[in-house]
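Here it is, the structure, as structure tokens.
Which chain is which? They are A, B, C and D, in the order written, and residues in each are numbered from 1.
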Amino acid sequence: MNGDKLTRAFDNDWIGPALVSLVAIVVISIFQPSFLSPFNILVLLSAIAVNMLIALGQLVIIAVGQMNLALGSIGGLVAISFAAMMEIWQLPPLLAMCGGLAIGVAAGMASGYVIARTGISAFIITLAGLQIFKGINLGITEAQPFYGVPQSVKDFGNLAMAGPIPWLVLPMIVAGVGMWAIFNRLRIGRYILAIGGNRNAAELSGVNLDTTVIWAHALSGLLAAGAGMMLVARLQIGHPAIGEDWLISSFAAPVIGGAILSGGHVSVGGTFFGVVIIAIITQALVLFAIDPFVVQIVLGAMILWAVGINRLRELRVARAKA
Amino acid sequence: MSAALEVSHASKSFPGVKALDDVSLTLMPGSIHALLGENGAGKSTLIKIITGLHRPDQGEVTLNGQPVRFANPRQAVSAGIGAVHQERNLVSRFSIGENIMLERLGAHALSVIDYGKLHEEAAKWLRLLDLYIDPRRPVSSLSVAQMQLVEIGKALALQTRVLLLDEPTASLTPNETQVLFGILRRLRDDGVAIVFVSHKLEEVFGLCDTVTVLRDGRNACAAMPLKELARTDVVKMMIGREERIAKRAPRPRATTAPYLQLKNVGTAAGHRDISLSIRPGEIIGLYGLVGAGRSELAKAILGQVRRTAGEMLVNGKPVAIASPADALHRHGIGYVSEDRKQEGLILLHTVLGNAGITVWRSLANALGFLRDRSVIDRTAPVLQQLEVKTPSVYQTIGNLSGGNQQKVSVAKWIAAGVKLLIIDEPTVGIDIKTKAYLHDLIHELAERGTAILLITSDMPEMVDVADHILVMSGFTIKGEVENDRNYERVSQAIMSFIHSSAAA
Amino acid sequence: MNSAIRILALSAVSSLLLAGAALADPQTKVALVPGGPHPYFSAWEQAGKDAVKDFGIGAADYRVPQKWELSQQSQLLESLLSQGYNSFLIFPGDAVGTTPVVQEIVENGGQALALAGCLKDPNPALFCMGTDVANSAYLGTKELIKAMGGKGSIAHFTGFLVDPNTQLRIDAVQKAADETNGAVKVIQVIADIDAPQPAEEKINAYLAAHAAEVDGIVTTAWVPAVTAANALRKIGDKRIKMVGIDHDEVVLKAIKDGYVNGTMLQNPYGQGYVGSYVLDKLRSGCTIKDSAPWAKNALTAKFVDSGTVFVDASQVDTYVDAMRGITKTLKENFDKDFLACK
Amino acid sequence: MSIETSTPAVPEAAGGTSQFQKILFSNEFGLVVLIALAFTAFASALPGFSAPFSLFAIGRQIGIDTMIGLAMMAVIVTGGLDLSVGAIGVSAAMVFGWLCERLGLPLSVSIPGAILFGALLGAINGYAVVRSGVHSFIITLASMSIFFGVMIFLTKAEAFRGLPPEVAALGRLKLGGKVSALLAISVAVCVALSVFYRYTTLGRRVLAAGANPRAAEVSGVRTGWMFIACHALTGALAALAGLMVTARTGAAVPSMAGQLGQDWLLPAFLAPVLGGTLLSGGRVAVFGTLLGAAFVNVITAGLLQLRIGEFWIQACLGLMLLAAVLADRGRHVILRRRGLV
């Protein structure tokens, strides 16, 4: 196909964050040469792999013009269920994984269904969902982690596939390519973006709003489940606290990657480099022994900065057309 | 052959107002049918019925002879009734082709989209509309005219046989309008039935075959061929002749110093060289059709629209009003909004809460405390004088009739003792009795020395109430008419100003 | 309708009067309450059950707050007091923040002692029993320095800053290093990582960058010990020496495989078992001797060391006997020196 | 009515029946019944539940949750929300600790200082929301992590433990032998707020701006400043809540509201929404928030003491929030059907 298809595939949102992460890598490796050591790359890529699924989980909800506060607690619930299935019911890892993904999708569909049917703002429903799923998590684990994670799962979470590339990168690639395909090639992805872009136009064009919103939340649940189980593998423990700190980074990466919060425009590539930037900054702060909580300040500032830029871009487009 | 679309004896009423009363419209295939009518004539309600947003209380809608009942707009679209509204119904970040083919992206949720075939198919429709643009381009990069054509293309792709265009030429350049008309004529020849809704009479006469005019929710005429009508006949039908000729004597032009003066004012909304002055006790009328820029001018006076040129004087002193709060508390200027539900009132709150909103600040004691008692003392006399019928001042205002609501939205400014009151379309959707009552009230206010700027497109109301009339069109003042209450003369003078400007 | 409201109000008041007397329960009911969910305290549950079996205590229940959060622990303690528990073994969520709720327990006829972590004086607890964390950290660092051949640089991974013991451990490790007057330096202290996710991120990130400059690792908190042991196994060259803490099977296995030189055992089981015993005794007539030989630490003047022992590869299979031995001597000391019973 | 004219005067008070009926179906009455039922049920099942200490402890927690609920209510009035309530509360408490301990200022200075600091942070949120036009969810999501991050960075996550003894004493203070001083403070603030919303011009203008910003703006209300005032009030009330938690624990601890202050999100929404505050803005239920907090805490205390309910409390509270929100939607639909909204 001609050039147009190419430019459309690589929308220009990812170029900015890509450059920033490149510069960051170069600068840091100058001050700290061990930044590029194989072991460090392994650790960095593992963090990026997990956070990419978390960011994609929020991205698919931002695309439909909503927000998902329950992302973390769905991830946590799936994490402990995954570990429990392996420890208590002695299920083989693959079967437990399918069980985990099913739980994630079910939880996502439940909140999607309530949001779609009642028309109540996604914020409040997913806030209630956050508490309910976290409550179920605590009810099952009574705040005690599950230790019975089989060695095969532990290896998947920590060993390298080739050189410094960890196995965890596999699910990231599958999820990244999968979501890119959904957003750019599958009908459900275009319908999700259509609702986010112009809800009324979508409705008039025969897009079934309710089912599409439920689909979006199901995908979000699936991705949260994936991230939760990847963390169980990496931490080698089914810990009830998994997912508690996902909220901020799940918004920061997509927004840095050029996603429009009112919905309708997302960039999987941009989100990936958003995740890379956050991972680099988090690690840099540890390397330079800066207070770890500075990350929170930086993330908050980056959200405001990215939102501000998107807002300016919208105003410029609006003014150009008026 | 049977009518493509027929609305027969439709009636529709909302709480407090009867929007449509026994209205009919027949639309023959292969014809362009104009739908005309002033604000509040029920035009928008009829459009909503045709496009399936509302259902008529009585009467029925038939499509190609069969009666239909649309639960939602989607059903109307799939039944072949396409519509191009003012607000764009396109997904701006999608490509042109994808917008056109949004209906048929794929059989089921997970089907892969073949963009090659999709854009080829879309290009076919674009060529039909002489729009030679790459269908891959995102809609956000198009001009308004091009977007409109894409929407028409989208309707055609859905095998639309009935196409409704609502004010399509509002933001088009003259030659873009001609391009659009050429396409509409070609569609008409292909047998598509088109409903053309516009305020520009010269466009209607240039393009349409038949016309339906609505006034006060009823048919002024139904599907009359335009060939048999002159422009003035249509205008007469639109603005109607009020039997009750004004009984008020014309009032001599007051000679006191003007309270508000605008000197060749220009605004960001597009006003150019606006000059007017309003004296205390005087009622200045601002007549114009929808889109003439009258409400925007009012907003400019209140500081909600940025003033880019000229000067504004209050009591002879130049002022810069930053916000409605500034206008009210510093200069005593009030504004009765045309959009009662959104901008006029707070439906959730009580009558007292709405009537007193403008006086809270002045009634509060040093500490900012304020008891209902002092608010009631200030507002009850005004509510009583306006005969507002409400079970109590604590009644939620949303439960009151349209007429009573409008009385309260005027009462709050009277209670505030404003020196200049701008009233925008005061009697839209109001019953006849209350309408007459409001006219008397406006006169009474003027008698008591309040300067009034009356914005309306209801000709009889203008002639009955205003002392001096400014005619506005296309964001500029076209001319002034002294009001000697002679309906015939004054309405002709106004009409000539409006049409002269349009033709120029 | 009004009458219905009146009936409801009356029934509420009457139940109030009726239940007033529930609190004075003759039987000893002990509650073992940690600061939040953490593997270290799981031994308390078994200790409580054994104490009930061995000493015929009314009840000795292990109750865990849902989160490592001060108000959660306070809310649980208040609830337990209302449920009729009259004796409390508490790991303070905060050296000062837990004092008010202990004050309320004492004011309402209960008794409490700080376990495995101390409250800052003055405080209403009877006394504080736990590992002499400073001494344990000091001994552990000494062992590490010995294993490192007396020179090099140490990284210290420790627990929550909110945990009263953390600061004591940081100072103790620094003291041990200073005694080598320069030969051994503490080049990095990473705190606030006593949970799997932060531990994983911070320790791996640090080792990834600084493994070359580090010769020895001392960990004075359960989870960092496990994560560091796994990290050293991943690096695999056994160059970096490490002394861990507590008895997680990952750490013990790493000791066997030679990746970790040894671990400083604490005695959570003994703390829970002997603590329940002492509280039961105090409710059945015994009192604390004025001449009790209290030890002292940075937080409190009434401290009892529940014992610590360094376990290296040789004793790693027999560490359970060592712990049981310490518990037995601890109980005997209490009977002999601390309790005066009629 | 002084002016005797022919037309009938507009009656002021509503007719007899509808006034009582209004109370009967009001949210507050429903909560009172629920609280009474739950209390008697738990009191009969659990001997220790209605003991003086238990009531005191529940009362104190009600006081704290009410204050957190009031803080969120003050911004829900504008139709927006504030995720940084917890972060502001903790930051204000740490500033209080810094003023008392590090600078040694008397309580009479450090308490108002902390509250003003909270109001300042709230005002910053408000200004950012009004100026940027971006939804308050995103602005306060970002400010949540910025405020918390800066606080932790400056305090090095160290708690202030050397506070004057009066602070911890206040936390344990029993007024009249049974009622916790913190609950009394919250009730007093409720009274003040209901007077504010009902009897001051600022309060009425805030309600008007929240119910219909465009109509209020055209009627001479500076809606921009009203929203900033609401966010500032939220900040001040959050600071007060932070001080109450500090009084309860006797120390200003950075983790009092959990990671980034997110632990406060549930009580912050649960109490006002249960109490009848409309999420779409324009209507407050001040005492409803108090009753909402009371209902939540009676249930929580009961489940905690029932042993079986211990770990299922959070799930139960989540379901309660969902039920309250569905009820709020139901109420909204009724209002719309009667053309009120």
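We adopt the following convention: a contact is a pair of C-beta atoms (placed from the backbone, for glycine too) under 8 Å apart; a residue touches a chain by one contact, two chains touch by 3 or more.
Nothing here was measured: the structure is a model prediction, and the numbers come from that model.
Visitor: Out of curiosity, which chains are bumping into both chain A and chain C?
Guide: Common contact partners of chain A and chain C, which must touch each of the two, are D.
Visitor: Per-chain C-alpha centres versus the global one: which chain is nearest?
Guide: Smallest offset from the overall C-alpha mean is found for D.
Visitor: Report back the single chain whose CA centre is most distant from the CA centre of chain A.
Guide: Result for max centroid distance from chain A is chain B.
Visitor: How far is the middle of chain C from the middle of chain D, if each middle is the mean of its Cα atoms, in Å?
Guide: Computed from C-alpha means, the inter-chain centre distance equals 36 Å.
Visitor: Could you please state the distance in Å, as a whole number, between where the Cα atoms of chain A are centred and where those of chain D are centred?
Guide: Spacing between the chain centres: roughly 32 Å.
Visitor: Per the centroid of Cα atoms for each chain, what is the distance between chain B and chain D, given in Å?
Guide: Taking the mean C-alpha position of each chain, the two centres sit 43 Å apart.
Visitor: Need the CA-centroid distance for the pair chain B / chain C, whole Å please.
Guide: Those two chain centres are 74 Å apart.
Visitor: At which residue positions does chain A touch at least two other chains?
Guide: Only 138, 142-143, 245 qualify.
Visitor: Where in chain C do residues touch two or more of the other chains?
Guide: 66-67, 192
Visitor: Chain pairs that touch, all of them, please.
Guide: Going through each pair of chains, those in contact are A-B, A-C, A-D, B-D, C-D.
Visitor: Could you pull out which chain C residues touch chain A in their complex?
Guide: Listed in rising order, the residues are 36-37, 39, 42, 64, 66-67, 188, 192, 195-198, 200-202, 204-212, 230, 234-235.
Visitor: Give every residue of chain D touching chain B within the complex, in rising order.
Guide: Within the complex, chain D contacts chain B at residues 1, 3, 5, 7-15, 199-202, 204-205, 207-208, 211-212, 214-222, 282-283, 335, 338-341.
Visitor: With touch defined as at the start, can you tell me which chain D residues reach chain A in the complex?
Guide: 81, 128, 132-135, 137-139, 141-146, 148-150, 152-153, 156-157, 259-260, 262, 265-266, 269, 273, 279, 310-319, 321-322, 325-326, 329
Visitor: Inside the complex, what are the residues of chain A that reach chain C?
Guide: 32, 34-35, 37, 39-40, 42-43, 47, 138, 142-145, 158, 231, 234-237, 239-242, 245, 282-283, 286-287, 289, 292
Visitor: In their complex, what parts of chain A are in touch with chain D?
Guide: Checking each residue of chain A against chain D gives 67, 114, 118-121, 123-125, 127-136, 138-139, 142-143, 244-245, 247-248, 251, 261, 291, 293-301, 303-304, 307-308, 311.
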